[in-house]
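Before we start, here is the structure in question, set down as structure tokens.
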Amino acid sequence: EKESETAAAEPFNIAAFVPGVVAGSPLYEQLVEGAEIAVAEFDNATLKVVEGGFNQAEWEEKMTALAAGGEYDVIISSNPSMPFVSMNVAKAFPDQKFIFFDAYLDGHPQFSTHLYNQVEQSYFLGYLAGLVTKSKMAGANPDLKLGMIVAQQYPALDKMMRPGFEKGAKAVDPGITVDFRVIGNWYDANKAADLANAMFDIGVDGIITICGGANQGVINAAKERGKYVYFMDSNEYHQAPGTILGCGVLEQTKLVSEVIREAILGNVEYGKGTIYHARDGYVDFIDSDPLYTDNVPADIQAAQKKVVDSIRKGELILEVPEL
Amino acid sequence: MRGITKIYRETGLHANEDVSLSVEEREIHAIIGENGAGKTTLMKVLYGLEPPDDGNIFLRGKEVIIPNPLAANKLGIGMVHQHFTLIPSFTVAENIVLGIEPRTKGVFFDRESAVKEVGRVIEEHNFHINPRTRVSSLTVGQMQQVEIIKMLYRDVDLLILDEPTSVLTEQEIVKLFENLQRLVKAGKTCVLITHKLDEVMQISHRVTVMRKGRVEAVRYTRDVDCRELSRLMVGKSVLFDFEKKEQDTGKTVVELRDVTLLKKGQERPLLDHLSLELHAGEIVGVAGVGGNGLGELEDVITGLRHIQSGAVYHDQKDITNIGPIAMRENGLAYVPADRLFRGSSVQSTIRENMIVTNPRRFLRAGVFDQKKIQVFAEDLAKQFSIDGNPDIPMGMLSGGNIQKVILARELANKTDFIVFSEPTWGLDVAGSEFIYKKILEIRDAGSAVMLISSNLDEILGLADRLVVLYRGKMVANLRNRGVSKETIGEYMLGLKDDFPKKKADAS
Amino acid sequence: MKHRRTEFFVNTLSLGITIGISFLIVILMILLMSETPLKTMYYFFLGPFTNKYYFGNMLNASIPLIFTGLGIALAFRSSMFNLGGEGQVYAGGLVATFFLLIINESGPAVLGILVALISSALLGALLAGMSGFFRMKWNTDELISSFLLSSAVVLIVNYFITGILNDPNTNLLTTPPVNERFWFLKIFLPSNLDISILFAVLTAVGVYFFLFYTKWGYEMRMCGLNREFSRYGGINVSRYMVMPMLLSGGLHGIAGSVAVMGTYHQCLKGFSGGIGWNGIAVALIAKNNPLAIIPAAVFFAYLDAGAKAAMLHSDVTFEIAAIVQSVIFFLVTARAIHDFIRFRKKEVQV
Amino acid sequence: MNSAQFAFPLLHNTIGIMTPFLLAALGGLFTELGGMLNIALEGLILIGAFFSVVFAAFTGSLFLGVLLGIAVTMIIAWIFGAISIYLKANVFISGLATNLLASGLTVVLAFQFFGNKGVILFQDLPKLPKFTIAALQRVPLLGDIFLGHSVFVYLSWVAVLLAYVVIYRTPFGYRLRGTGIDQKAIRALGLNPQRYQIAGILISGFTCGLAGALLTLQLGAFVPNISAGRGWIALVAIYLGNKKPLGILIASFVFGLAESVSNYAQGAINVPADFILAFPYLITVAAMILFSIWQHRKSVV
């Protein structure tokens, strides 16, 4: 209440540029949600959400259109590539400020960037998957094989998520291998299911799925075959209890709402990149959900908790490589 | 039919104007008239293919409305079109029953009873065709029989035949007429559209003459003669006589040596060890019953089709299988039988059609000189009295004018041998005469001419030498002196063969 | 002459009616879907003209469409179907980027640009030409083979962009940017519109000239209208199965390199998305007339720009553009409408 | 890993993968035989996919959902056909337009009704029934490869048989084929060729509706663009199958196998994924060329 009075004088307009579509992408949903929370606290703040579609070649132009109008005090977005997409836009409109989440670029005076330690996020899941594949759970088999299905390859995936997941699994047993497959797009859910089935056929019993709309295919296939799925970015246990065994999340809603609040108040420091870790509370593994506690055997839960806690406390440090 | 008027919407053309026609039971009624006189249109109205703009149709005294061919069939009216409407990949029986198929259990096509019923109709009317053969392997004459059987299968009483003889050979025509007469005896009625006056005289009981969309006259055939009919048709009397200069033949221009053309899956060669010479200043007329290699000879001598053995020479130079482009460079000019599809591009302008054989000569610095083309086109139009602005699409011209454009174009280049195939198909008397005059001019100018035709009058009238093909083999090669139609007929049917030994040699 | 004028009148009128109907459908859709229909309509129809940025970008978006439209029209004119535009544009963009990255600082800029244009044209021509060649040699349906080849090419280009040619300094899936020397001059700041629009217009004129004033163009058209006739007339029919595909592919390749040098300055993953497909629509709207392709491409870009503006400033989703475009395609080639007008005109005259 | 162990699941998956191609291609065959190019298969599948799942969720019945989904697909197919045939539009463009319409319409409607342009998840949709006979499950080959698929798979086999019978054994089939070969001949018989063409297009709408329903119902969700190029492959299958139902079955199998192999190969061989993804297309081109060489040889001496 107080805050809104202090800043009531001038309107503060925010545009959220979504490089893709909101629905089905947890991080984008959280971007919008977080921004909405912050904006709701101020009478003078407005939010416009623009979906940029899947063609990254069009992002720059759409971003430019947003900046060109000059109506927005800050443009926010979420995606590792956005600082690079916006470089020329920033040059053309030097007064425009940008805040990027899930992205990192230090030193650009118009940008404020906020990156999550996704090595930790995927490490959580890799470790759990490792424990499960060695366990006697109904869907687990003696093969030391896990899988990863992605829509396409991109730097954050290759540099953080894939190594993080593998590292986590190998921490359980160095003999575990991770089978890696690509769909080629973000929407062919049926192909995702086919790929998942092909993996199950060769002895994989748990898959981490990072393929947007096509995730649905992986979940479905796993459910049918009694295998397991590990999910990134949001709490999705309810989608398939007992199939989705673990969810590694980023507290994007929280971070976005906090950062936007500061932005509206004029306290954001541009020109800086920040990395957020599990120890800061922005990267986490969901182990409190009853759908987790009820479906994962107690011994595995215990082993998992040990590792998760040590990362949460900052005892086990997993560095983010240079992107 | 009374007071039929038909206007084609797209062109605003009055194809029929206040036309009345009455046909009596059990008669053969001929309709004649120049191209475009409206004969086909009138019959299409009767058959329910074109709605009339005015007028009524009466059948046995009762007025009827015929919305479509199916209704016409039900009323006992059947029509055999000028261009066949058969599906080549279906069998004879399948083609005949199409549209009123016998069924089993109400849903399935009953192939067995189709064959049986068609077989019964064939037998009943004394045709000789196997209902199980594919239409694609039939001769033109047989296809026409299939069309007629198709109508008989539909149990029609009135049979309309649109120019049935234009694609048939003498023998096939005889056969057709026998069939028609038998049908009439069996109680059917025939309407016969034709351009050939002798046929009218030979078979019809009555004749209606049409001109420019109107009925010019109706006569009993026994009361008129050819001369009067042709006067009625064109308004003036036309004489068929070819004023032909005697002329010595020159050197050999083109020679075919042992040419053999095969088709995969077919044992009998399409052209069988054919040897033939074309001399300068000579017209070689090639006759034959359809399906005996005339079309193939046309394709081979113009380079459109490759032969498997033998050779072709031009001025002693081997030009075997050099293809159509090189053939033209060797001095070929060619007026094809299929003038709409092969001979012209109907969507292109007349101008564009005129320059196809030698576009290079209109280039200046690699670019078309539009003025030069214009002058050329206008020039040809004048020389050949072609009606029509050179800028309109070729397809808008009448059949006769299209043929003139083709002829003009083919003669515009320097040529030393020219192939005509069915040059007067579907043309009226005046048009044919123009073409004949040109053919003789070309010969007199010293070119070698090959005239492939199923019209024996044309061949006997024009050719210096007569060649007859039978089953792809040459069975006659005679000087055209006092040869009778009957003799040629015997060769065409394979009753006579002047070269039987050659065949033995070959095998 | 009279004939031609009537045709022109009929064409224009029927196009007008088509567009009118389509716009009515758009208005209806906006009324149904938008809570602020007036605002949405304003941006949809006038958005592209509200500022220089939108207007320039609309024209810029038409540039690759002109090239691909011309490519399609050339092939269509000789009855060949090039359904592989997407892959040819993409591959053209990639190979141009590749050479520009290699050349980088060396030699004059014009030389680099020429190398880029030529290499993209050659690669595009090769890809489409293969389908033409298969057609000529074995009668393999070029429509299907070009589509399949293109689908494979898109994936292979993806590999190069995300693999060995990927820019390590960015998180974008793209090659590094090419040297600024090769960037086409912007002529309508702040928009992206660059000088290549002139190049596109010139190319359209050139293609028109080629088709109607040269022997090859003439022979190509004759083959397109009637192959049997052309063979009979002594035209090398086989050549005109391959040549139009080569030219078509070449123009598609150039569309790719022009987009790289003019707009993107690097080969971004997926930049060719839609350029190839929309070229087909543009060519068909223009009835394969090279000069009519210019307005057709601009019109196409206008619809896209309008939908984008409506999405940015109002509450409808961008995909309504797809619906509008589909309605326009449906109607634009509907010959019945055309005939109806012609018929009417005749009656009035009579 | 021994190869037999691999072969069974590989083939089992192939059968699943080929089903949408097969269904769409069989319907498209009827359009093709009527003498029209059906570019719209892709869009029709998408329409079928969207409406089937939405209606299934809405009515709570898979059967009703599929039925209504097919009905909508046939309506769109009818629009495509009517514009091509009665308004005499170029089928090529109207086909492209149908695809465009489908991709636009599904997203716009999704946005309008679900406020969402991404995945639309239908949680409590009934599961697609699978066909398993416990007694036969153990029979080698049969159990491993041919059983345990969703009902759509078996429907598609029935469709092959049905297509064969309709095309070669019914008056409708004869008239349809006749229309494709020579419209004038059909008209001269007093039949209306346009009716057969429309019927051919409606049939393609029917089977594309089925194919689409399979894609979303086995998933319990709609994802924009879920048809993912399957309609194009189906079109290829029609040509590759030499425009015959059995040929189409084989062609669909070939493509399904190529795709299945590429799915398995991604884990097994160390080649960039994009190349493996391109493999089915390249295989199909190769098959097409070989097929045309064979046809060419047959027609030339």
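Per-chain numbering from 1; labels A, B, C and D assigned in written order.
Note that in this section contacts are C-beta pairs under 8 Å (C-beta built on N, C-alpha and C of every residue); 3 or more make two chains touch, one makes a residue touch a chain.
Please read all numbers here as calculations on a predicted model, not as lab measurements.
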Sort the other chains by how far their Cα centres are from that of chain C and give me the top one.
-> B
Using the touch rule from the top, point out the two chains with the most contacting C-beta pairs.
-> C-D
So how far apart, in whole Å, are chain B and chain C when each is placed at the average of its C-alpha atoms?
-> 46
Find the geometric centre of each of chain A and chain D from their Cα atoms only, then give the gap between the two centres in Å, rounded to an integer.
-> 35
Here the gap between chain B and chain D, centre to centre from mean Cα coordinates and rounded to Å, is 46
Could you tell me the distance, in whole angstrom, between the mean C-alpha positions of chain A and chain B?
-> 77
Could you list the positions in chain B whose residues touch two or more of the other chains?
-> none
Of all residues in chain A, the ones touching two or more other chains = 51, 153, 184
Multi-chain contacts in chain C, i.e. residues touching at least two other chains, fall at 155, 158, 162, 317
Mapping chain-to-chain touches, which pattern fits: line, ring, star, complete or other?
-> other
Contacting chain pairs, sorted by label, are A-C, A-D, B-C, B-D, C-D
In the complex with chain C, residue positions of chain A that touch it | 50-51, 53-57, 60-62, 64-66, 68-69, 79-81, 83-85, 92, 103, 152-156, 184, 323
So, in the complex, the side of chain C touching chain D is made of residues 29, 33, 81, 134, 137-141, 144-145, 147-149, 151-153, 155-156, 158-159, 162-163, 277, 280-281, 284, 317, 319-323, 325-337, 339
Touching residues on chain A, where the partner in the complex is chain D | 21-25, 51, 153, 179-182, 184-185, 187-191, 193-195, 197-199, 201-202, 212-217, 220, 239
Chain C residues touching chain B - in the complex, by the definition given at the top = 1, 3-4, 209, 212-215, 218-219, 221-222, 225-226, 228-236, 343, 346, 350
Complex contacts: residues of chain D adjacent to chain C = 79, 83, 86-90, 92-94, 96-98, 100-101, 103-105, 107-108, 111-112, 117, 229, 232, 235-236, 239, 272, 274-275, 277-278, 281-282, 284-285, 288-289, 292-293, 295-296
